[in-house]
Amino acid sequence: MDLVEKLKNDVKEIEDWIIQIRRKIHENPELSYKEYSTSKLVAETLRKLGIEVEEGVGLPTAVVGKIRGNKPGKTVALRADMDALPVEETSDVEFKSKVKGVMHACGHDTHVAMLLGGAYLLVKNKDLISGEIRLIFQPAEEDGGLGGAKPMIEAGVMNGVDYVFGIHISSSYPSGVFATRKGPIMATPDAFKIVVHGKGGHGSAPHETIDPIFISLQIANAIYGITARQIDPVQPFVISITTIHSGTKDNIIPDDAEMQGTIRSLDENVRSKAKDYMRRIVSSICGIYGATCEVKFMEDVYPITVNNPEVTDEVMKILSSISTVVETEPVLGAEDFSRFLQKAPGMYFFLGTRNEKKGCIYPNHSSKFCVDEDVLKLGALAHALLAIKFSNK
Amino acid sequence: MDLVEKLKNDVKEIEDWIIQIRRKIHENPELSYKEYSTSKLVAETLRKLGIEVEEGVGLPTAVVGKIRGNKPGKTVALRADMDALPVEETSDVEFKSKVKGVMHACGHDTHVAMLLGGAYLLVKNKDLISGEIRLIFQPAEEDGGLGGAKPMIEAGVMNGVDYVFGIHISSSYPSGVFATRKGPIMATPDAFKIVVHGKGGHGSAPHETIDPIFISLQIANAIYGITARQIDPVQPFVISITTIHSGTKDNIIPDDAEMQGTIRSLDENVRSKAKDYMRRIVSSICGIYGATCEVKFMEDVYPITVNNPEVTDEVMKILSSISTVVETEPVLGAEDFSRFLQKAPGMYFFLGTRNEKKGCIYPNHSSKFCVDEDVLKLGALAHALLAIKFSNK
Amino acid sequence: MDLVEKLKNDVKEIEDWIIQIRRKIHENPELSYKEYSTSKLVAETLRKLGIEVEEGVGLPTAVVGKIRGNKPGKTVALRADMDALPVEETSDVEFKSKVKGVMHACGHDTHVAMLLGGAYLLVKNKDLISGEIRLIFQPAEEDGGLGGAKPMIEAGVMNGVDYVFGIHISSSYPSGVFATRKGPIMATPDAFKIVVHGKGGHGSAPHETIDPIFISLQIANAIYGITARQIDPVQPFVISITTIHSGTKDNIIPDDAEMQGTIRSLDENVRSKAKDYMRRIVSSICGIYGATCEVKFMEDVYPITVNNPEVTDEVMKILSSISTVVETEPVLGAEDFSRFLQKAPGMYFFLGTRNEKKGCIYPNHSSKFCVDEDVLKLGALAHALLAIKFSNK
Amino acid sequence: MDLVEKLKNDVKEIEDWIIQIRRKIHENPELSYKEYSTSKLVAETLRKLGIEVEEGVGLPTAVVGKIRGNKPGKTVALRADMDALPVEETSDVEFKSKVKGVMHACGHDTHVAMLLGGAYLLVKNKDLISGEIRLIFQPAEEDGGLGGAKPMIEAGVMNGVDYVFGIHISSSYPSGVFATRKGPIMATPDAFKIVVHGKGGHGSAPHETIDPIFISLQIANAIYGITARQIDPVQPFVISITTIHSGTKDNIIPDDAEMQGTIRSLDENVRSKAKDYMRRIVSSICGIYGATCEVKFMEDVYPITVNNPEVTDEVMKILSSISTVVETEPVLGAEDFSRFLQKAPGMYFFLGTRNEKKGCIYPNHSSKFCVDEDVLKLGALAHALLAIKFSNK
């Protein structure tokens, strides 16, 4: 029996076990950095499988499991993120979140369950492994600021890793379909803050003021011009001004106006070109009117998630042995799996869960987000298959 | 001795008395509708002058004094507003405000003192009066919403009034200079609120949202086009967008965006044309993108302050007997003295207090606003002179 | 019989004569600098009245008549412009223009006829004149560039003039009503040209170009912001972008874009503030994108037309003896009578010709513009009356 | 010897012959629909090679050659376009264009030479062909309006064709590199014209006009918002406003304003969404101000060029046997080879000619565009190889 057949049979035995783990985590969602019970469940489950476990790797709730093969080989890391979102669950699944205002609305509960399933398969087929399989259970992917990957990497989680793989469940693709692409697959999220310092005054006498709202209008228009005119239109790219706040009263022109937003790009040149234009636009337009300004970009944001082309070609062939694999467009969301890919070649890929019949049609982050649990076994299978294949390269 | 000489002499006697009243009020500023101690001081002072006093006219802190001439004649109303502003005084006068965060930054303390000075002169020259002089001490001019004039009028303060006059101290004109104009002199302040209801979503996928901030940009640009293209450029007119609020997080496009501001005009046709355009702009631009919207104009705002042309011609001649009188440009601030002028012909005029030597250079509403007290006697004199002249018409 | 009664009777005798002169000129309209037959008619008519005539004063078609009083007195200049407009007349008067594409659409034919009528009255009442009455028949007011006034002034036409008056017929006011105002009455027309030099390229690859049209959009939006935010909203002021030209083909982004327009203001500070902002806006916004630019303002344009306040007060009283006189809003059109007013105190005023019953309802410069000829005698009368009164001051 | 080796040897023999043909055509460039001498040269050359020739296929200058295999098989079409551009050549090659203002600035001369080279190879290896190889020499690709492909198709050129291939030389890729991609590779060029009909008037009185330039500003801003906010930012997409014309004089607001430009997209849904928004934007914004408008999209423009995914996979493997093959980003230029791909599966691909050492660095359509002639044999080889492989499928 070939490897795929073997693993397919094995995963059938534990399908329900995987689902139950997922539901338990779904009922007890925990926000970024507070994944205490989830990480405890992971550590216990790994230990029950006889896997070497290290807790608190870089972060209190970070867990790493290690399965060593009987012969030398490559070190393959498999990653699952664990945190939930500040969303009030409105879907009516029986295992609905029991925590007010917190929900696994992005499927990280399924990621943990699928990787524990993969761990089970790997332990059961330990003889097929070479080198080391490193199971990374990462907190705080949704944090969007520092993020959980960075501290784990600083704590050495990627030392000696030859390949790294990560799966994300997504309602953008049909149930059971794997979707990925070579090169950049997810964007870097350059959060920005623009503050215009004008000089307030009476609403009836704008000429005696430096009107920060009017200036912000000109800046915002020019910023949207960056997308429409300055960036290569073939490049996936977007700037969104997502907050604007200024003023208190209808007859008082305020002193200051503040805008925040995000620049999403998949290319470092495009990224720096956009930021340069933004700085020039803000300072030049403020200069016209004698206003002063601040333009701040959040530092050390998640990098661009770049799939290694050769690895991706190979993985797509491997995965096509267990399901349909499609080449997807890039996504302008962001993922700190990108930091792992900066340390070792690997691939980040989506596992589709969209199933009209089962009502699994809502986008990730929606309060009605729901998952076709039939796909979970495929995730576990993919983890195990890649671990075995690449550890033996 | 002619009337002017007589009154000039009389006012010299009480100049210091007027100044002390002003300083007492300045030290104890009271916000709109809470002018308790100021109105008590007014009522007591009027009674000491033997003047018939009515308190609580339309508002608890409103005070009206009546001086009746010995022979029939016209009823002339003289008005002074009493409220202070939510401003922290930073000027270093010895009689600085003793109330944290409250200051007579618009000179209403001087208005009360000057009208009490005028009352003194009228009592002293009672024989020269015909008909009735009605002294209106009005709360809450700065309120900007309902305002104190309206309830006083509804309580009958303007019943039977033939002429009405009001003075406002202003650092826009040189000390002692009277400034006014025929026809519209101050604007109506149409406060507006625009709410754009879009559909929020992820900052990286604007195409899946109805972006209320982007829509508000287009609306704001078109609104400023009303001033630049749709309103007669000879007409004093301004629209100011003074607040804009939308969004909470750099990567989330919000559902809604809210803007507030003010339309200032001196002409009813211009006013309704501007409001029509604003409604059309907001609904049309929202319509392009499938957003819904609300456009609200505050109701029953202060009317346009319109000086009666004939009365103004006559008053300018009278005042030129006691000081320099200039014809001023209209001002796009607002005043609820306009409501009194809707009930009887009259005139609203400024008394200059700008004096570089004395450091009286800061604009009204400034935390450093200060008054050249030498002009106060002129205000009292003007009140008395107009009362006598017009009561005898 | 007083002066006004005398002149009223005299002008009745020549009313028809004035109307016939007007109609003759109306049938033979001549464009700026080409008023050959009109100026010939003027010279002949003056000579027939025994008036001393000088032709070619500064311009070939300029004519000056001089009537000297018997006793010393003031020199009073009265001015009428003579040129027509490049407009195809579509009104159906029997004395319609006989010249294709040229029409007296702004009433300069009536100005000539009224001043010749005034000359007749002055000759007839020569004894009432002191000093000298100087009749200025000026070419090329409509030229908008150099204009006819400047060369005539350089040729000495205003040497020794004490007062100068000019009438303009206008359908903005009711028939027979005089309208004027103290101070600035007409604007200075700062014509501007903005050229943005970008770098063209393919319409599908804007990022490889410096798109002059996009840049011009930002500039134009900011320019309209000058009106809405930077200039005192009480000041009559307008900027109009009246031409924009760029590009030849739908798939080629051009190199350059050119805009023209006009700034109209009644105040030198406002004027220079607007021009400064325009320069800063164009250079700053071009600077953002690496474009270069030119901002040119036409030189030596017609100045602001400023009526002398004292003279205006006096003239309004004089004119009220022959008709209704109203104080008008300023007009943002331009007039090179302004150059005469820079040389001597005087007044420029409108004579209304709007008459619904007679169908005289079209605005000046309209191809259907028509005049209520009953008012022409009033214009002649006004010229004579002012000449007599001010020459005797 | 395998097929590739055989063809490589054969093409060496005729490399110079191919280059000479190219240079002859380069010296005698002919604009769209006027490729008389080029098509004569093609017909003669084909006949000399013993190939069945048909001239005037749908267009006078269109030429089709047919090479029939000895055994049944597939019909494979190979296409080369023939027209030059209205560009004055400024490159200093010895075989520079001899026709003023006309130049082969896009390499269509090389396309003809490479396809004639391919024809030579196919005739020489006729025994390896099955079915039919149809050589399409197409006029007027650069025309951008109707284009040459459409009439040839209507004349039956694609009847019975099983596969179709087209090569385009491009300085965007290194010399000798083949570049292509599955799915959409070039855009559909929706040329648009927007006319705003307002109501002109005097530059000083915009409120009496419906200002078409101001309205066009609002429209243009909103149009660029389509790119920035309404279209999926991952989608290659651009709108360029490339011409704007309005107005004649600095003091006259014109009646009308006209804009032209192009929408480039690779997806029919995106394309129709953009056009819908454009219509809504123009009509809604015109509606605000009472202007009327026209929005016209050029009809029957070149479709999206869509490479058949399966054929592309196969071709990329075949071509990798003779040179480097890279997967390229889509290009937002347009090509009427797209019409051939609507009739039969096939692939359009680029052949790189960028060679710094040889100074071949200028973009297509540049007056300095020049080609590294060493690559021409590769193009001939590719034509022959694909014809043989796919005719035998």
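Labels A, B, C and D are assigned to the chains in the order they are written; within every chain, residues are numbered from 1.
Everything below uses one rule, namely that a residue touches a chain if its C-beta (ideal position, glycine included) is under 8 Å from a C-beta of that chain, and two chains touch if they have at least 3 such contacts.
Computed from a predicted model, the values in this text were never measured in an experiment.
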Relative to subunit C, chain with the most remote C-alpha centre: A
Higher-contact pair (C-beta pairs counted), B-C versus A-B: A-B
Chain centre separation (subunit A, subunit B; CA means) in Å: 57
Cα-centroid distance, subunit B relative to subunit C, in whole angstrom: 40
In subunit A, residues with contacts to at least two other chains: 204-206, 211, 214, 221, 224-225, 228-229, 233, 238, 264, 331-332
Contact set on subunit C toward subunit D in their complex: 144, 187, 189, 191-193, 202-206, 211, 213-214, 216-217, 220-221, 224, 238, 240-254, 257, 260-262, 264, 298, 331-334, 363, 365
List of subunit D residues in touch with subunit B within their complex: 204-207, 211, 214, 218, 221-222, 225, 228-233, 277, 280-281, 284-285, 287-289
Contact set on subunit D toward subunit A in their complex: 221, 224-225, 227-229, 233-234, 236-239, 264, 329-332
